[in-house]
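Report on the structure given below.
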Amino acid sequence: MKLEEIAKEYNCKLVGDGNVEIEGISEIHRAKKGDLTFLTNPKYKRFLKETKASAVLTGSVIEGLKIPQVVCEEPYVVFAKLLQRFYPENLPKPEISERATISQNVKIGKECYIGDFSYIGEGTEIGSNVFIFPGTFIGRNCKIGDGTVIFSNVTIYDNSEIGKFVRIHSGAVIGSDGFGYAFSKKEGKIYKIPQVGRVVIEDFVEIGANTTIDRGTLGETVIGEGTKIDNLVQIGHNVKIGKYCFIVSQVGISGSTKIGDFVTLAGKVGVAGHIEIGNNITVAAKSGVTKSLKEPGVYAGFPAKPYREWRKLQVLIDRLPEVYEKIKKLLGGNGGVSR
Amino acid sequence: MKLEEIAKEYNCKLVGDGNVEIEGISEIHRAKKGDLTFLTNPKYKRFLKETKASAVLTGSVIEGLKIPQVVCEEPYVVFAKLLQRFYPENLPKPEISERATISQNVKIGKECYIGDFSYIGEGTEIGSNVFIFPGTFIGRNCKIGDGTVIFSNVTIYDNSEIGKFVRIHSGAVIGSDGFGYAFSKKEGKIYKIPQVGRVVIEDFVEIGANTTIDRGTLGETVIGEGTKIDNLVQIGHNVKIGKYCFIVSQVGISGSTKIGDFVTLAGKVGVAGHIEIGNNITVAAKSGVTKSLKEPGVYAGFPAKPYREWRKLQVLIDRLPEVYEKIKKLLGGNGGVSR
Amino acid sequence: MKLEEIAKEYNCKLVGDGNVEIEGISEIHRAKKGDLTFLTNPKYKRFLKETKASAVLTGSVIEGLKIPQVVCEEPYVVFAKLLQRFYPENLPKPEISERATISQNVKIGKECYIGDFSYIGEGTEIGSNVFIFPGTFIGRNCKIGDGTVIFSNVTIYDNSEIGKFVRIHSGAVIGSDGFGYAFSKKEGKIYKIPQVGRVVIEDFVEIGANTTIDRGTLGETVIGEGTKIDNLVQIGHNVKIGKYCFIVSQVGISGSTKIGDFVTLAGKVGVAGHIEIGNNITVAAKSGVTKSLKEPGVYAGFPAKPYREWRKLQVLIDRLPEVYEKIKKLLGGNGGVSR
């Protein structure tokens, strides 16, 4: 594909020779002749002078570069589209393995791949163009929508409903028991709360490796359309997550909490049970949300507060040694502040 | 089941018409005619007026409700019992699959289910009424007690001992290597400490999805009777956990630590190695326990301290801006406190 | 093996009777006659008087003990070597199961074990003396080096390269999609960044149970020679980890971060994306690294700072109640500090 074709198709400005032939996309320091490289993080700008790439994709014209540039408003989006074009996903060819178990009353659509040692339980319905990799277990009476890809060694418990074009990575567990027990003081005994609900995953959701999503105690745990969940995330029973959220790795969300649309929970965030997080909220990494958050904006800390308040407190904490000095001075001598 | 029968059987007080026929249990906002709903968290009281449920289970009489009430001392316990009655678990029927591998010298009790693509290693003994779901691997010389349920894609390493009526969720790993290495300064070389111990899981334990429990370096890692472990928990080599503990999601417990009975570690708690946590201790979410805790009570923070002390410090931290203002005032002018 | 033989072979000093026959290694409180016990953590010294062991391995002579002592400079290293000698790992005998799937164009070296229900994808090359346990999935065009052991229910995605003498524990996922999305404001749409890179695991690496390592977006995610990774760790796309690092349980490392050699990240540490951690750095448990760290040393806190600075701030925070008292005193009356 010629550089000028790329510029035209993706609505970019071309700076330099458009006749260059592009054969691949590559990182700045690994690029070779024929590669288009990219600058989406300004941190790496200094490395551009040494790249062997034949051209660069960027958000604004870079002065003093010898190679041609494709300049566009949203370079990261164009980068995504070019990767999809140059490196289409290489999924297995459709086939239902004889080494898979397809139980009774299972319905399977057209052009599906069901790999060796995978297990599909009774009454489950699978759409068309579904890919189920080896070693994956799907329980009874589940629904799997068209175009969904489920990688190896995934477990999906009975009655789960998975939408269309969902992507579930290896080791994820969908529909395990919620963590619910009732302690009887009278009897001195713990009773398990049976977990008789289910999980609903809407269309275009992605679920990371080894992430766990518990089913509802009664009713449903729901992951809304287009939400992306990273690896090793825990989602408790009866949690509802809205649409187009980003839930980053090692986040934990406790039971019955409700999360709105366009919410980002950064890495390792913990969210208490039975609370609500509104739409358009971002919670910074490692924060702990203990109460409902309603106003859109960025929050941080434990307990989570508006980011600016948190930032201010961090600065003041870092200045504590100074405060102690001032107080000592005010009180005279060693200040009477014990060591 | 008639409402008056429920009231009688579970020792509750009946308010209103006892002739109502109950066909299911449901959440307040999802309930339909014939359902019994429940109020165990007062937060949801306001929704009760709009429920379509035919009756409600509650801990104290609610004024102004039109539907009949079943009032009991421990409503959450009665809720657990009713769920068990109305929704008994639907486990697969006993059968040993020809697609499972049963190695030599394996003993299997009565009425067991061993699913496709599961693997039972040499010398392993399995009790009666045990359920082992597809894709689960059990190593050599393990013992699995009566009534235990092991879901799909679980791995249990050699020599593990699992008690009776244990429940292990998908993706859990029992008996992996502990994290132990010896660094030789003399040789400039790292040596692996071979992990030659095992794991013992006592009766009535539950283990969540994708939880990992390392075996002892020498000797045992032990999970005591009735302890409940949530998803994505890490338990290091030679840890001993007592009876009837709750270990919530994403907790990590380092090697050789000893935890008493009736301990709760809330979500994301970290516990250092080689320390002891006594009986009847609760550690709040996200805390880090760095030293032994002996006195029963609630602890929080990092390093963990008695909850009240921690709470007080949190309040004072939130008031830091005020402190800086006071000091500025005391020092006159801009207070000499640098910006 | 006689105690004097142990002392001689491992270059230790013998205190007491060297004719004692040693048949096993055991913990202080579990040891029986014929066992050698060990003291590597001084905490447990007080228990030595009651041990039933026939001898003890220690780093310095212990006064007042009745049993003979083997005293060496690096007792933990000698302990590791003795365990390897007395308890050699009992791996399955080499055999390629007929219940495994070996795809076309797979090359397998000598003396390998490939267990039931495991799957090896097209074009994958496996060295000699490799052990692949039941239920493990290895994708297409992977390389697995000599002497590597991969336990049950592991998933390795296409194109991964695994070195020699690597050890991968159950449930680990190598090569899953990185978490990358581009949001187009113009189109109001999220685009997935295709993840077209791969993972390279160098020789002598160990990877814990249920750990996840995402492949590069473009290029590689690399785990350097001899690095040891514990359970439930998350490693993002394009992360480079150097040689001989220790990455403890529940650590999370975000995308494109570069970590040097001889780095220790203690339990639950979080590391931001696109930063660098230099050589010989230790980050204390539960810390959050938000900016690059260059100077060798120990860091702690969130954001991570030199350990001493962090420690000082912790002490000052604990003294906040005292500060409030002083200020009240300085201001007279109730100090004008509102309650």
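Residue numbering begins at 1 within each chain, and the chains themselves are lettered A, B and C in the order written.
Basically, contacts are C-beta pairs under 8 Å (C-beta built on N, C-alpha and C of every residue); 3 or more make two chains touch, one makes a residue touch a chain.
From a predicted model like this one, the values you see are computed outputs, not experimental measurements.
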item	value
For subunit A and subunit B, chains touching each	C
Subunit C against subunit A, contact positions shared by both copies (same if over half, else different)	different
Inter-centroid spacing, subunit C versus subunit A (mean Cα positions, whole Å)	25
Residues of subunit A touching at least two other chains	117, 135, 153, 171, 210, 232, 250, 268, 317, 323, 327, 330
Touch list for subunit A against partner subunit B, complex	101, 117, 119, 135, 137, 153-155, 157-158, 171, 173, 176-177, 179, 181-187, 190-194, 196, 210, 212, 214, 217-219, 232, 234, 236, 250, 252, 254, 268, 270, 272, 274, 288, 302, 312-313, 316-317, 319, 322-323, 326-327, 330
Residue ranges of subunit C touching subunit B (in the complex, touch as defined)	25-27, 30, 41, 43, 73-74, 76-77, 79-81, 83-84, 87, 89-90, 99, 115-117, 133-135, 151-153, 167, 169-171, 206, 208-210, 226, 228, 230-232, 244, 246, 248-250, 267-268, 285-286, 317-318, 320-321, 323-324, 327, 330-331, 335-338
